[in-house]
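Once you scroll down, you'll see the structures, which are given as structure tokens.
The following pair of complexes shares a single chain, chain A, combined with chain B in the former and chain C in the latter.
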Partner chain A sequence: MSRLIRTELYKFIKQRKNQLILEGLALFFIGVIVYYSYQEMNYDRATQKSMQMEYDNASGIQQSLSMYKASLEKANTEQKERMLKSHPRINEEFDFWDQEKITSFQLVYYYKNHKVKGEKYRKEIEIKKYENLLIGAKSKFISKENLKAKGEAPAELQRQITLDKYLIKHNIKIGNNPYHLTGINFLYLMLKGYIPMILLGLVTLLCIDIFIGEMEEGSYKLYLTQPFARGKIFISKIISAGITSVGVVTVLLFISFCITSIMNGVGDIHYPETIAENKMLYSLVTISNSIGNVKIVSIGTYLVMGYSLFFVLLIATVMMTMFISVITDSTSVTIGVITGLILLSFVFSSFLDEKTSLHGYYFLGYINIYNILNAQINAPLLLGILLNGIIVILLFLISCYTYQRKDLLGGVS
Partner chain B sequence: MSENYVVTVENLNKYYGKRQVLKDVSFHICPNEIVGFIGPNGAGKSTTMKCMCNLIFPDSGTICIGGYDILKERDKALSCQAALIESPGLYMDMTGKENINLIAKMRKVPKERVNELIEFTGLDKKINLKAGKYSMGMKQRLGLAIALLSKPQFLILDEPTNGLDPTGIIDLRNTLHNLVKEEKISILFSSHQLGEIEKLANRIICINNGRIIDTPQALDGNMHYILQVSDVINTKKILEQRIANDKIEVLGTDSLKVMVDDQELFSESLKEILNQDIKILDIYKMELDIESIYQEVYGDHHE
Partner chain C sequence: MGVLIWNELKRRIRQVKTWVLILVLILISILVIKNYKANEYKVYYTMGDAFQSLAGYQVDDIEKLNNKNTYKIVKYSYDLLDKAGKQADQAIQNNDMKEYNRATTFGYLLLAKEGAERDGRLREISFRNKTKGMWEQVSNGVDYDKVSFEPVSFYHNRGMYFEFLLDAQFYYNLYQKGLQDSNEYQMDSMTFCYHYYNKIIPMFIAFLVLILMFDSINQEHSNGSIKLLLTQPLSRMKYLITKIIVGILHTLFVTILGSIPIVIAYGIGDHFKNFNYPVVYLKNSFSSLSSIHNYVEYDLIKRGENIIIGYNYLSFYPKGVNGGISNQLTVMPLYQFLGLSLLLLSVCILFFVSLNVLISSLLKNKIVAFLSSALITIVGMVLSNPLITSDSYNYSPFSMTNPIRILGGTYNVAALPAILIYLGASFILITINILYFRKKNL
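Up next is the complex of A and B:
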């Protein structure tokens, strides 16, 4: 068996396509480092600009509300009734936008004056601003979609408030730039947004040839007529697919971790981070009303949880790729289906209501790791690991059975 | 008897969906025999060969290679044979040497044997070029070298002359003849180049519409002689003492056709004929005209 695995790995390394994808993956990691370094450099200016925009927006709305209020005072009873229908709580709404204007202005001032008032001051202002936004969202003075588009969905605001309060309460030295690329922070940022999704896609491309490549190239006629049981050949291919996918990502993460650590230090592994409450983590039943309830853990714990889920997902995606390629013998069909499945997780995270339990039952939906860990979508971490684990085992058994009994007629490119 | 055969294929049946592509295919191959496998496109040649390599599973029937049933003892059966199906199946991103070494390491082939076969390919320095840059002839030679790494008893070649230029075809023919002589290998090969089959094969198996069809006597691997004698009746009696009755055919008042599978017995019979004062007016070996035989066979069987 070890000879077969070595042979598979040798074939993998020798393939020009794989060499190109490996180079692409390395460039992707370098690109991420460069991107975050750029974000770090521009963070203060960009945040100041965005706060200025929020201030202008709030001022504009407040101004129109004050005009509305003035005309309300002059209006007769009938007109008043009609006008109050569109703004039934006009005074509260006015106060909300007033508070939004003040906090935004304070943050503009903070960034404009080179943060002289310190990080703690910023956090206090941010807490006020976020709490106000939560009130606004609840009272429908500002739409949730609007907040979501700015990356300030109610669950995320709740998470940020909890974290900021913890930092102030425990007098912890606050990091002044979320994009500051220490080794630890790099690992954290790699779990955010669409990066895990892109990584999955690239790794899938890397493994896709393990079965189909030789079917389409015709080399299966040489390899599979050697005196080894098909079952052994299958297992050696699966193991080498696992080694290459997990191995490549681990090595690249480690190298990037080393580079960023050399650049900006390792970072503090005990720095607080948020995850969902136990209920969401360990319950097999997704509980929608738990969304937004978070607790504080160290960033080390957060990374262990996040990468556990990521690697299980990675193996599940690779296994799914193997399964489709064994069934179809076609690169184009396999790429099509896998791309579709990955994109579906994007559709789920972008367009589906965060409370729907569909999030919990779609195995690739768990690729939104940050949202899962912080309960911002209705899908518990443990269910994700279990679901993907079951998928790996099931697909392995079906693929192994199929591969041992199928007629090898060559691939369809 | 079957234990003397290198390959025994019995009652092989295969369906692709509802279409039956192999119908009770049975044949055997003896040691040191080169057997041509002929038939029109879609007759079932490649499917039979793929079944023999365990790339395809037959729906029923047995295939024994070197005495091992390929369905029950795949590893042992496949270790007795090597195959080149349709194309050499090389890894195009690897050099010729890497292709050989890949299988050599997998099969634990000694280094001496590897070097011997690298020399056999005749690729010299080109062995370090990527296989994708090789001509078809070079690929075939490399494929053949890889197939021979583990000293198989039996070699399957599916259309090995495809894409080869005349020099390549002559090279391949000589190589295969040498292999049978030096490495004592049996070969089953298919080709559309009837001239090549004529020059290479000891025996021919014909297949059409998935069924093995009666091999014309001229292609059964035996020598056929026409004897012109002064006394046909007595000559036949003498021949019948050593050669089976059904292998002797009286063609006219002065000639007989004899199918000879044992040259020594035939020589003894000839001596006896001369001893009996029967004049042998003429004797000649029948030449195979495989093309006309092919036309005769497949002219009847084409659907």
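Up next is the complex of A and C:
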């Protein structure tokens, strides 16, 4: 068995295709480091610009509301009634935009000259701004789409408020740039956005032809003349696919962690980070009413949970790829179906409401690791790990059964 | 060659992935519709309210007028605006949409006249000539010369004049065709098509072509069937061109078929009545190389809203400056607009097909070919995406994938340069492919 695994691993490393993909993966990691370094460099300028836009917007709306208020005072009863239809809570709406204007203005000046007032001041202003935005969203003075477009969805605002309050209360040193690439922060950023999705896609391509390659070339006949049971061959292939996919990602993560640590230091593993409450985290069913509720843990705990989920997902996706390739015997179909499944998770995250249970019951829906860990979509961590675990076992058994009973004499159809 | 195209197309259409992709597109469409329905908002006010409010703002200024004759004319004019508002409100109550569209058109014409008068005599003459027919039909016999806002018209700027004129044209179209006003979240058979080519297809078109075409040549190269095929009296160049034509037709088949079931399902209910719904269109899209600034994307980021199909009520504030862009926009029937969108989409597909066929011809290994195409597409899109909202023009083929927004003039690129760039880029890719493939050792 160990000889078989060694052979598979040797074949894997020697394949030109795999060498190219490994080079692509290494380039992807370098690209991520370069991208975040660029984001770090531009963070102050970009944030100042976006705060300026928010100030202009709030200022414009507040001005038009003040004109509206003035004409409301002069209007007769019939006119008043009509005017109040479009802005039924005009005074509250005015106060909301006024507060938004003031806090955005304070942040513009903070980013212009942030050494003067310090990070604690920024966090205090941010808390005020975010709390006000939450009130605005609840009262429908500002739309959810608007907040989402600015990267300030209500659940994300709630998360920021909880984290900022904790940092101020415990007098913890506040970092001035979320993209500062320390070793720990690099690992944290790798779990954000679409990066896990791209990584998963690239690693899956590494293992896609572990069965089909031989079938398409016809060399499987020679391989099966060796004195090994088909079951053992299957298991050795699965183990080598698992080792290579998990191994490659782990090695690349470790190397990148070392590089960023040498560049900017390791970072503090005990630094606070938000995570979903236990009720959401360890649930076996989807819970829509716990969305946005977070608690504070160390970033180390966050990373352990995040990477546990990521590696379970990686193994499940690799297993799914093996399964499709065993039943279809076609590289094209396998690539098409796996890409389709990964795209579907993108579709769900883009178009589905965060409360929909479908997020929790689609195995690749868990690829939005940041959103899962921060309770921003209705998909509990434990359910995700369990669901993917079951998929791995089931697909393993079905694939093993299919492979052992496959008619290999007829060649490729 | 025709036979080869037909046989290849039949073979590709029979593939499982074709039907899986069609199903995925239908599923995405259903999710988008569901999402739109969730976002449907209650309309608190009608244009009638707006006209009455705008007429009400001027009461104090009218009272200050000393000249009795001027006072009479201006008072009469604002009373007309107030009356148009009341008529629009009444029409809504009576559910008479034709009358609502008439009153709203007239209200906008009055506001546009106010803007034109403020802008000077020449603008006013131009307005009179442009809107003569419209005025006669919607004013219920009001004499154009008896209406004047000049002594008190100071609210509206040049940009707003064009805005009101465009609004008037929009509602006049609805009035003439007996259609009902729509909003961004409305869904019916024809507006679904608009949303489909605006929100869904641009996001996935590159990946759709990638999945369909990454193995177009290397598959036949790997399994040896290319040798058999090239023993036929068919040049290698014709073989490549066949692949590209089939790629375009196959992608169009998947794209169009992905929308058909939903269009038919809606159409049974609404009889496709909105087929000639007026849609905002950039006037010189096919004759000019320059476009207008992408105010829709800008406003979406800044304000998060865009209330009418392809059209923004705040468009007279492009980038927050009172520049005025609505003079470059006009309205066009939806079916015509969708036809032009399909034309633009076809050249976009041509580019992505040429790219994938080239990579498929260069790399024998399907997985490496897929990875290379995917990386080029993703990197291209990531690098080009900022062009959609930047101050410069959006001239990258990777970011001109939204035909609806290009025709609407809100994608930092007009239709003519988009077509030229796609054709040029495709020509280069196809030429490289032909030169390479001619000498390839098969």
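The rule is short, and it goes like this: the second predicted complex is superposed on the first by the 406 of 413 C-alpha atoms of A that agree within 3 Å, B and C clash if a C-alpha of one lies under 4 Å from a C-alpha of the other, contacts with A are read in each partner's own complex, and residues count from 1 in each chain.
The definition used in the following text is that contacts are C-beta pairs under 8 Å (C-beta built on N, C-alpha and C of every residue); 3 or more make two chains touch, one makes a residue touch a chain.
Predicted model only: the values in this text are computed from it and were never measured.
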item: Side-by-side fit of chain B and chain C on chain A, or clash; value: fit
item: First, second, both or neither for A:336, with chain B first and chain C second; value: second
item: Contacts of A:401 with chain B and chain C, given as first, second, both or neither; value: neither
item: Partner chain(s) touched by A:146 [first = chain B, second = chain C, both, neither]; value: second
item: Contacts of A:7 with chain B and chain C, given as first, second, both or neither; value: first
item: Which superposed partner A:227 touches (first chain B, second chain C, both, neither); value: first
item: Which of chain B and chain C A:38 touches, first, second, both or neither; value: neither
item: Superposed model, chain A: greater residue contact from chain B or chain C; value: C
item: Chain B versus chain C - smallest C-alpha distance in the overlay, whole Å; value: 11
item: Residues on chain A lying within both footprints (that of chain B and that of chain C); value: 16-17
item: Contact footprint of chain C on chain A as seen in their complex; value: 16-17, 20-21, 24, 53, 56-57, 60, 71, 74-75, 79, 82-83, 85-86, 88, 142-143, 145-150, 198, 201-202, 205, 208-209, 216, 331-333, 335-337, 339-340, 343-344, 347-348, 350-353
item: Of all residues in chain A, those that touch chain B in their complex; value: 3-4, 6-7, 10-11, 14-17, 214, 217-230, 405, 407-409
item: In the complex, chain C residues that touch chain A; value: 16-17, 20-21, 24, 27-28, 31-32, 34-35, 38-39, 44-45, 49, 52-53, 56-57, 60, 203-204, 207, 210-211, 214-215, 219, 222-223, 300-305, 320, 365-368, 370-371, 374-375, 378
item: Footprint of chain A on chain B - complex, ascending; value: 50, 53-57, 74-79, 82-94, 98, 102-103, 105-108, 143, 146
